[in-house]
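Naming follows writing order (A, B, C, D, E, F, G, H, I and J), and every chain is counted from residue 1.
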Amino acid sequence: MTDPKLSSVQTRMFQAKAQRKLSFEQIGKELGCNEVYAASIFYGQAKPTEAEIKRLCEILNIPTSHLVEEMGEHFYPSRGGLMPMPPTDPTLYRFIEMIQVFGYPLKAIIHEKFGDGIMSAIDFKADVEKVEDPKGDRVKITLDGKFLPYKKW
Amino acid sequence: MTDPKLSSVQTRMFQAKAQRKLSFEQIGKELGCNEVYAASIFYGQAKPTEAEIKRLCEILNIPTSHLVEEMGEHFYPSRGGLMPMPPTDPTLYRFIEMIQVFGYPLKAIIHEKFGDGIMSAIDFKADVEKVEDPKGDRVKITLDGKFLPYKKW
Amino acid sequence: MTDPKLSSVQTRMFQAKAQRKLSFEQIGKELGCNEVYAASIFYGQAKPTEAEIKRLCEILNIPTSHLVEEMGEHFYPSRGGLMPMPPTDPTLYRFIEMIQVFGYPLKAIIHEKFGDGIMSAIDFKADVEKVEDPKGDRVKITLDGKFLPYKKW
Amino acid sequence: MTDPKLSSVQTRMFQAKAQRKLSFEQIGKELGCNEVYAASIFYGQAKPTEAEIKRLCEILNIPTSHLVEEMGEHFYPSRGGLMPMPPTDPTLYRFIEMIQVFGYPLKAIIHEKFGDGIMSAIDFKADVEKVEDPKGDRVKITLDGKFLPYKKW
Amino acid sequence: MTDPKLSSVQTRMFQAKAQRKLSFEQIGKELGCNEVYAASIFYGQAKPTEAEIKRLCEILNIPTSHLVEEMGEHFYPSRGGLMPMPPTDPTLYRFIEMIQVFGYPLKAIIHEKFGDGIMSAIDFKADVEKVEDPKGDRVKITLDGKFLPYKKW
Amino acid sequence: MTDPKLSSVQTRMFQAKAQRKLSFEQIGKELGCNEVYAASIFYGQAKPTEAEIKRLCEILNIPTSHLVEEMGEHFYPSRGGLMPMPPTDPTLYRFIEMIQVFGYPLKAIIHEKFGDGIMSAIDFKADVEKVEDPKGDRVKITLDGKFLPYKKW
Amino acid sequence: MTDPKLSSVQTRMFQAKAQRKLSFEQIGKELGCNEVYAASIFYGQAKPTEAEIKRLCEILNIPTSHLVEEMGEHFYPSRGGLMPMPPTDPTLYRFIEMIQVFGYPLKAIIHEKFGDGIMSAIDFKADVEKVEDPKGDRVKITLDGKFLPYKKW
Amino acid sequence: MTDPKLSSVQTRMFQAKAQRKLSFEQIGKELGCNEVYAASIFYGQAKPTEAEIKRLCEILNIPTSHLVEEMGEHFYPSRGGLMPMPPTDPTLYRFIEMIQVFGYPLKAIIHEKFGDGIMSAIDFKADVEKVEDPKGDRVKITLDGKFLPYKKW
Amino acid sequence: MTDPKLSSVQTRMFQAKAQRKLSFEQIGKELGCNEVYAASIFYGQAKPTEAEIKRLCEILNIPTSHLVEEMGEHFYPSRGGLMPMPPTDPTLYRFIEMIQVFGYPLKAIIHEKFGDGIMSAIDFKADVEKVEDPKGDRVKITLDGKFLPYKKW
Amino acid sequence: MTDPKLSSVQTRMFQAKAQRKLSFEQIGKELGCNEVYAASIFYGQAKPTEAEIKRLCEILNIPTSHLVEEMGEHFYPSRGGLMPMPPTDPTLYRFIEMIQVFGYPLKAIIHEKFGDGIMSAIDFKADVEKVEDPKGDRVKITLDGKFLPYKKW
């Protein structure tokens, strides 16, 4: 999956992952984090710690110098920008469709349960689970974000 | 919450809901459905059954003729279109931000767990839960969709 | 200033404010809030409390029923959408220009001072001050938002 | 932070800064300017003087010829263009969200305090301050621009 | 020329001007201002003084109450937005074409003559002159704006 | 000022101009044309004659073969496209703002003085003048284009 | 053909034309102009003379006061804006497709035959002819515009 | 005229054409086709036959292998995409302006003469003629396309 | 299904269809045409004959005067424009997704089977069939258009 | 047909296909799949199995290592993105035009035959057939997708 514009280090990380037939689940376990979070590092959407960079280079068998230069202490991700909006890829598009169709209903329920505010996308976790089902397995995504109330001043 | 362009019947439904101080949770219980689904009917994003229309009119104390004329048997929603893309409202925007930042990681995990295909936005359920937390309550959204594999032909 | 699309109640609020020659500074004092916050209520960008609605109606000499119906307990703002992006109005455009030119430098400084994360636009205050200066008075805007660090999971 | 499209000289400046573990605060002090202004030079958003170029090359240990060729006397920045609009990066996006939500209120207050005109983005200063707070540290940004009144002719 | 979306008061002003066969040159003379400025008031792009409103109502034979309500003391224009960008009207489009083709050359000359900065569109005057020419009369537009230098801080 | 996408020959022309510390005013004098026109040749917005190419190469000390190959007899500019629309650079943006705000008033005055038609951007001249002023020097731009009346057929 | 947004007078003109079963060919003959030009008046794309307005009202049996008020002496068309770009209507889209596919070839031929310049869309005529052909009749459109050479200054 | 993005073979074709000082008129004669059609092959907008490729290579003195590899039997043009829409180049833009202003009138006349349907852009010819005129030479473009009626089914 | 912007006559046609519980299949049979074609008339995408208008009015029990006035002899559809592009409605979006994903493969096969040209969308028929299937019924859409070869000239 | 942006491996596949004068029909037969599906693999729109990769390399005489590296086990297509939307190529555009014109009618018929839901673009097949016809051969495209009903929850 090398389609979005990746830096040369990111491309190398994906290639090493493919050659070693590693899943993000395995990489996440090694790094001590969720597999979605692990994938976010590969896509340049999360800032790895120095320890994570070191461990990643061991797992992928890549010299640390490359990762440190691109993703080291000084690096703070410029997030997003991986896909056009709306995305043309059907797997990605369905996420957007869910928001276009059910976004206002979700907003309404959040306000009824919590009041005026938002669900944080920063103090945030996401998880993907496979639920087996004889009628067809199901993807269960959990999005878990802190509620942030608007303040008066 | 009357901001997205609503039809006159939808506006009336929201006004009746406000006057009777009903929550979508209460309305969902009366209709025998999830509160997100109930809100979807109000926003014209789901097709109510005849029984649901009848029950809704009782709950809201609105004559059935209006709802039947706009949302009756012949009605099939033209979904989406409630918000600009990206939406300017912060509560809605955060959903899009989650996809822009974590969309490719989520796609990667889905493919690793299920293979080539998508998570359905049609054979789909969404749920909002309030998780109390001393550091600040959390919004937990569960998205549950059937996995649909691409087929060769 | 009636240019952005306002609801009929909002238009009435602006007309009453003009007739009574009230400034947002005066209105903010009456409501016990900052003048920027007071203006935000008029533009439908903040949710007034019941007490604020009551006080507003007294100040503006408007019957409360109108404001309660549109901005009452059930109302949660659909924020933004008041201007095209980028805005054509020069006063508004300069704000955007500041971000287009100095946005990346500001992001860099925030990361150097706080680490990986964002400045909240929800747990947020804004203030406008007039600084007299013989070479030409200056507008001093203070933006004050909580730092929210990205979390690992 | 090398994400926006930078010229080869700018990339080199960022790399030297990272290797020497210099902050913009340190660089600003050396150049005798605010850290935001210093960062603006790195992002090609400000025109450095000859003295600043010389000093920068000393600090970063880069030959002056490169900077003079790209940023010398003949150079006048083509400002902006570093980010898509609206930006996808959450740290940058929040700045835009502040304007989308509070832009009209800010415009209203400026007019009430100063009359018809704009806050200059040219005769302009920006400053970032870290305000420690037990509930979470706060980012305080000060924007300070000359008021420019519209003239009749 | 009633094509851009005008308020009902503006429409009335244009109708009165047409019925009385007044030119903006005549109106400008009466108001003591340039004809371009006079037209700007009609298009809602300039803030008239109270004296100008009074005089305008006399010239156009319109009751002052209407103009005062829409363009009085409390009114600050939300400028721009009269045309799509780029405009489809050929007379308007040519102005944009001049900038698209000669904009960078003009920017280069301004920097060579003045240094780093901009030509103000606020402290600004525009004038249209008809220059008779046997090969075809010529339109001579003069744009006169204060140079604003970028400041270091 | 090398920001807009330039061909390798154009880049070389700008570099030679910078090294020799030539202004467009000087180059224009050598070529026997206005400085804005001279700059237009550098930006690929005007077609130089063979004599101009020859003279340019002498002034800039560049072999003629390069310019002839890219800008010779066969070359007809594909004009525009140097900037996004609207441009993000403040010096360029102000030109667009002048049109967005005063474009309809200018159109109105042109029609009142000349009738139905346009001001040509082809049979056209532009000039920049520096007007010294103790309150701040002023940029005076003169746009001079033939009036072209619409014809009936 | 009432789809593009027409003013109430234009709608009335189209209705009268339909009721009287008049073609633009007939109307053009009555007005002494080409049928394309006649249609342009109906679509608000050309400025009718006073004599044309008078004659039009006779042909369509409409009181002149309406046309004079909207299209009289003071009226100068804001041209274009009748269709989205690109247009969705297939008859209109094909015109755009012709330009997208053959536009650069046409530009090349114009330059080879005339030099650097444009084909005027102002000093311009268009004509539609039906050419009968046993293999299928053909539409022959002739576009005839003055060549305008770019000038040096 | 090498501005639109051309493949390396196309660039070579244009360079050979320039070096040999060949016009499209001459090339068309050699190929036995209209000059507009000949130019279309250069811009990748038409599929040359094997005989045309051979003849082209003789005329331009280019080895056939290059053209065959890029434009051979297997090649079917992906047409359009040479210009932004609307194009910024004035010569190209005027074509679009003609459609924006006179497109609906042309559509109306086509329907009146032919009924419901379109003018084909596939079974289509275009021709450019220079008409000398003492008031200024004129460009006469003829567009000739088959009428295709909509069918009922 | 009244979501896309319909004229008042079209709205009335849909209401009559709903009240009489008529399907497009039944209406198509009455009109002697395919059900997709019948629906196209309701959506203003096809031009009905006078006989069809008469028959439609009988079926729907609507006075013919309304339909004749809007869809009579003089009426030629301005097609398209019913949906945003891309459409937000999932049923419509899937059609677009099919083209985005399989459009180039389909183009390739058409060229391999037919040569250089297009599949007409004018000399065109579409048909929808329900294919029962124990694993889930299938929608089978047949698109049948004349091949139109590009012509040399 | 190498116009859409292809990876170096895809370009090599198309070149090998052209050199060996293979059609997608032949390739599909070898791979045991429909020719449209075979083309989809070339355009990166389908995930080939390991067996298909092996067989493809034999047919095209390309070393498997290249295909395995880009399209191997770890590869999941990022679909779409091959064309701008709307596409400028006439063959592709006609597909979009069919949806813009007949999309709502098709949606209406699907709902009447199947109820509320969509036609899947995932559990989906497409087929192209050449139907010979003395009046002009016809392209017959069959789209066959599973109906997916919306579910209540």
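FYI, a residue touches a chain if its C-beta (ideal position, glycine included) is under 8 Å from a C-beta of that chain, and two chains touch if they have at least 3 such contacts.
All values reported here derive from a predicted model rather than from experimental measurement.
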Labels of chains that are neighbours to chain B and to chain I: A, J
Rotation, 0 to 180 degrees and nearest 5, that superposes chain B on copy chain E via CA atoms: 145
Centre-of-Cα separation between chain J and chain F, whole angstrom: 47
Chain centre separation in whole Å, for chain D relative to chain B (CA means): 42
Separation of chain G from chain I, taking each centre as the mean of its C-alpha atoms, in whole Å: 29
For chain D, residues contacting two or more additional chains: 1, 4, 37, 76-77, 79-81, 86-92, 97, 100-101, 107-108, 111, 117-118, 120-124, 148
Complete list of chain pairs which touch one another: A-B, A-C, A-D, A-I, A-J, B-C, B-D, B-I, B-J, C-D, C-E, C-F, D-E, D-F, E-F, E-G, E-H, F-G, F-H, G-H, G-I, G-J, H-I, H-J, I-J
Parts of chain D lying in touch with chain A, wherever the complex brings them together: 1-4, 14-15, 17-18, 21, 84, 87-92
Residue numbers on chain F that touch chain G, as the complex places them: 33-34, 37, 46-47, 49, 76-77, 107-108, 111, 116-118, 120, 122-125, 148-153
Sites on chain D touched by chain B in the complex: 86, 88, 90, 93, 97, 100-101
Chain G residues touching chain H - in the complex, by the definition given at the top: 1, 4, 23-25, 35-37, 39-40, 42-43, 45, 79-83, 85-87, 89-92, 94-114, 117-121, 123-124, 126, 128, 130-131, 133, 135-148
Chain I contact footprint on chain B (complex, rising order): 69-70, 72-81, 121-122
